[in-house]
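Following this line, the structures themselves.
Note that chain A is present in both complexes that follow, paired respectively with chain B and with chain C.
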Partner chain A sequence: MSSENIVMEQVLVNGLYLGMQYALIALGLTLIFALMNVLNFAHGQLYVVGGFITYIIYGKLGLPFFVAIVASGVTLGLVGAVIEKFLFRPVIRKSVREESTMLLAAAIAFFLDAIILLLFGEKQRGVPKILDGVMNLDFVVIMPYDRILIAALAGSAVVTFILFMQYSKPGRAMRALAQDRIAAQLMGVNVDRYSMIGFALGAMLAGVAGGLLVSIVGVNSGIGGPVSIKAFMMVMIGGAGVISGAIAGGFILGMLESIGLTVLVAYGDLTYLVIFVSLMIFLSIRPQGLMGKPWG
Partner chain B sequence: MKRITFLKASLMTAALALTSVHSPITLAANEVLKIGFVGVTSGPAASWGISNQRSMEAGAAIINDNGGVKIGSVTYDLEIVSFDDQKDPKRAIAGMEKMAQENIHYVVGPNVDDGAAAVRPVAEQNDIIYFPYAFPKSLYQKPASNAVLGMVANYQSGPAIYKFLKDNNGVNTVAFIAANESDPLTQRESGVAAAEALGLKVVSKTVTYQVDTTDFSPVIIPIVKLQPDLLVLSGVAPANAPQIIRSARELGFKGLISTETGQDAQVLQEGAGSLANGFISVGGASTPTIRTKNMEAFIARYTEMFGEYNDESNTKVYALEYIVETLKANPAAINNVDEFKKTMDTFSAPNQYLKGDQVLRYVGMSSFGQRRQLSIPLVVNVYNEGKFETLFIAEVD
Partner chain C sequence: MIFFIGVFVLVPWLIEMSGRWDYYYTLTSVALLSIASAGVWLTFYIGRINIGQGAYALAGGYLSAVLVTQYEVSFWLTIPLAGLFCAVLSMLIGLPILRLKGVYFAMITLVLTEVAKLTALALPITNGAKGIVSIPLPGELSVFGMTIIPDFSTLENVKLAFYYLAVTLMVICFAGMYRLVNSRMGHLCRSLQQNEELASSIGVNITTLRITAYAISSFLGGVGGSIFVAISQSIYPTSFQVADSINFMLNVFVGGLGYVFGPMLGTVVIYFGWDLLFQTGKFQLLIYSSILILLMLTVPNGLLSLRLFKWNKEKK
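Showing the complex of A and B:
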């Protein structure tokens, strides 16, 4: 087998792994947008808080990793509910301009950045590996076992979320809300309650993603903004407000990164240049993204 | 009326009693000498600036607790005035202008190349000597004269490290990886030049990564494939180093890994664990075998003030020390930077942080043609099981 084939198989596996991470991050953002038409600029910061909670509970207190992930999810769910009820809801009620919620989201992002730096400090934080060892398939594919486990857990979270949205009463209510807010209201869906649940669920997904990934890539107070930007890119690729679009966007970005970083390396750092240029061309042709609806 | 008077008297007595408990009666307060800091204390690179700022604040606290510093016939308490430039040159300029407005003549920072270049006109127009942690030689060569490099530059440490590894570890091939921004790319260029000058074969020098990268496996694959003897992480931030090391080792990289930037042992431990064993970096008075009791006291004070220590402060501890000692050597320099510049040519003082005979002095004649660099001992460390061990110590320039 040629060395180029060996590298490409590794690249594809890396792309799938990255895609799974990104899909989990993008899901929360697209859910919030679908329900409330709010671009949550603080999504990356919620991810960071989730990471730090897992760092403290698993890394510092020594409690089981699963407990830490649950704590990250529950905490961020509560934070999301509070943010929706006491910040977004009054603004949406009082303001006629959509920009108001965008500004509020940006303010929350700056606020969380400052709080995170104050509470958790400036250093990069990491936790002990949850699983030792590396899978080595004759040097064709090399993947640490902890990454495989995290990818599997992320995949389970995505599947659980989809099943919840498809078959549970709150899930159906939120899908109705996302499709047509007024019609859902007329059908008896409590808009306030399910907006709050939806925001909480979106924040919870961000927290869970942060908690899972702290075991692989660590966390520091400065990565919230860059995570938000990547999440927006995935949502734009797949289509804002569309769950399947967020998943597709996550995997597409993961693959583009993995392939680009290997194939284009000889020409310098062109990967993100190519990704951004491709995104601009794609959005100019199809502004609603892959699966978004043309009418929004 | 009598009750109110009694109540007032009781309250006043209580207030006086509290004051006497928490504020011992003092003589006239010392004058205040303000020293500035302009650097990055938020965002992904916050660690660089925060370690500067906290080093200065801890150093100032120790001096103030000991009654202040006597410069000439006047005793001063030190006050550190800080400004977060967010790694933005425009904000760095605003920060330096603020220092000028507060009549501050000595400023530590900025932390990055473009910020350090941007503030040069402001510093020169307002008689400010500044101590950047940025490496471009133009900042320190004539006609520039107000900037003093606060640490060992990578084009000084790189050759020393590569030569040591070539002579002692049989390194013949080297690869470089850098973040896609100004400082790391500049450091990579000088690192490549230094390696080639030593006769090392550079097998890769084009691999870069975005500053906000969290997963380095896709980035590092092309280098792991080449299996160089040495992988240099040019200008790597402490947040990224453990992730790159971990990815490289998990993918099967067997060679040495080094950097010319300061790192933190706890960050390496948490991010890479034993996978970081053997990682080579640059530190200051960083290991117990070489640091003095004064350095131990500094570390203790820093930890008490801020909750935990940052090993990057092992090199950052020197900036305030140099400023204070130079002013003590020439009190006329308090408000006159030309006097400070004159003093730099002959200044010498004991190094209170490092065991041995090393002294504080200004260097830079061979790199810059003038003494515009703090002489910080080049302490090269190797990380092992949660701690740094000293590999070798050298002086540059």
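Showing the complex of A and C:
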């Protein structure tokens, strides 16, 4: 039986590949959280919108894949900027308790869900493969070329993002904002402007991730919520608001999923139950996640 | 007092007049959901964002369903049992996770809802995805041979009976909450909401207090869930899921976090709003979420904050 002997190399490669995509999703969420202390429930929905934009431009109009990805990113960036400027900013200013933003985020998630459903319907959508062929290393590791390309693109997006945050002026401003909002303001950082840029950037990452993945797993209007939950988990594993943590969380979750789906398959659909429960145990021992600030 | 007459006499009379029997079901649901929301509100009161009430409603519902169908325990006994089961469960879970704050607690409770659903799918006793169906209606409750509540299946109007049951529990629940909030413990809870370290330093046992509040919250979730199961006579792993947990939170937010009766008002508004929008068909969710966003933009501190504002002005 081929399913009996598990090829560990293949499992690890799958895990790396999943982790690369997850890291991209988690990065956007953690950025928004770090800058504005907002738990963006709508993150999965932004991902879905990105997926559908790529589906239309690449799948329907037949324009090159890279154009579609860029269009997804830019559109989502604009959407993010609008959401921050007209929704989150006034609510944060007016509300007595911080938690009000969570209701707003949940409402936005519902709103985007409704729009996605109205515009695109319930059907699962896919696009033609961007690359044909399969990489085969002695039948130990088998990986389709398009997956390798997507993983590489996701990886380069992550690297670009880190370089941007580390060396550009807006990146520095945003890191200052994440460390201490008031101190940053006193140093002359335009807090409103960089909050907006940060939110737009976070949304853009979600859109790019959605656009990249539509070429492999397709997209449908119902996956927004589950994607959000996965993103929350990755952020929690790594520590909320920490960029390196989000990347680590993404890879850990990708690895766990890949291993779990192979090892636990004999016992039925237990992978997620095990992941969730171990996450709860992990967090009760180390509440701030792997790399988070120990604020509790 | 007006409220009592309103819910026990006026509402049934109005429904009788209008002939809209389906409103009983709606109002019963509102009453039950507001009980569960009251629990969520209490965790907000100690400064924790709780998106895990769905887990306890599901646990309570399943406990009641399993006891009634497989062990033939009286339904009336399962209501407090479901509550207690959830309370004990929440103490075990709460002990580690209540140390978390803010977004961390919110996210882990969200995960908890997902865990509850997956556990219900995986355990043999809950019958997996097929759920437990055709649960009998509540039997009669008698003390020393005296019938207090008749057998529901002999009643000609089951909906009315459930309505009275739910509303009675809701009144008890909110009276209890009101009492709790204005008691010594309520004041201590408020101190937790503001600053835990400070509260701890002046001698408040914050661990016990947190866990007590969370246990009460889960108790209410379990009670609400168990009665819901009796009404729908069935339960599935998807009966209460993440969306429901978020809705409990929304109820509390819309009503207003600072007010005991906030969850009740929030539930009424949200549930009826959703029901009324049903006629708009596929635009239901779009309109509903737009209204929610607008509500947040105009009254971010909840509907009851409007009333308080006016009242303050009059006093001046």
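Just so it is clear, the second predicted complex is superposed on the first by the 289 of 296 C-alpha atoms of A that agree within 3 Å, B and C clash if a C-alpha of one lies under 4 Å from a C-alpha of the other, contacts with A are read in each partner's own complex, and residues count from 1 in each chain.
In this text, a residue touches a chain if its C-beta (ideal position, glycine included) is under 8 Å from a C-beta of that chain, and two chains touch if they have at least 3 such contacts.
Note that this is a predicted model, so its numbers are computed, not measured.
Visitor: Examine A:Gln10 and indicate which partner it touches, taking first as chain B and second as chain C; both and neither are also allowed.
Guide: first
Visitor: Would you check which partner chain A:Leu117 touches, where first means chain B only, second means chain C only, and both and neither mean what they say?
Guide: The answer is both, since A:Leu117 touches chain B and chain C.
Visitor: Considering only the touch criterion stated at the top, classify A:Tyr272 as touching first (chain B), second (chain C), both, or neither.
Guide: both
Visitor: Taking the superposition on A as described, I'd like to know which of chain B and chain C A:Pro287 touches: first, second, both or neither.
Guide: The second partner, chain C, only.
Visitor: Please work out whether A:Val67 is in contact with chain B alone, chain C alone, both, or neither, and reply first, second, both or neither.
Guide: A:Val67: touches no partner chain.
Visitor: For A:Ala240, is the partner it touches chain B (first), chain C (second), both, or none of the two (neither)?
Guide: After superposing on A, A:Ala240 lies in contact with chain C but is clear of chain B.
Visitor: Just checking: does A:Met135 make contact with chain B only, chain C only, both, or neither of them? Give me first, second, both or neither.
Guide: A:Met135: touches no partner chain.
Visitor: Contact-wise, after the overlay, does A:Met102 reach chain B, chain C, both or neither (first, second, both, neither)?
Guide: second
Visitor: Now for A:Val127: first (chain B), second (chain C), both, or neither, which partner does it touch?
Guide: It touches chain B, and chain C stays clear.
Visitor: Which residues form the common part of the chain A surface touched by chain B and by chain C?
Guide: Correct list for chain A: 113-114, 117, 225, 229, 268-269, 272.
Visitor: Can you list the chain B residues touching chain A in their complex?
Guide: Interface residues on the chain B side: 41-47, 50, 180, 206-212, 214-215, 217-219, 221-222, 225, 238-240, 242-243, 250-252, 264, 266-267, 270-273, 307-308, 310.
Visitor: Residues of chain A touching chain B in their complex?
Guide: Touching chain B: residues 3, 7, 10-11, 14-15, 18, 21, 59, 113-114, 117, 121-129, 134, 136, 139, 142, 144, 213, 216-218, 220-223, 225-227, 229, 257-258, 261-262, 265-269, 272 of chain A.
Visitor: Looking at the complex, which residues from chain C come into contact with chain A?
Guide: 44, 49, 93, 96-97, 99-104, 106-108, 110-112, 114-115, 118-119, 121-122, 242-243, 246, 249-250, 253-254, 257-258, 282-286, 288-290, 292-293, 296-297, 300-301
Visitor: State the interface residues of chain A toward chain C in the complex, per the touch definition above.
Guide: 33, 37, 39, 41, 87, 90-91, 94-97, 99-100, 102-104, 106-108, 110-111, 113-115, 117-118, 225, 229, 232-233, 235-236, 240, 268-270, 272-273, 276-277, 279-281, 283-285, 287-288, 295-296
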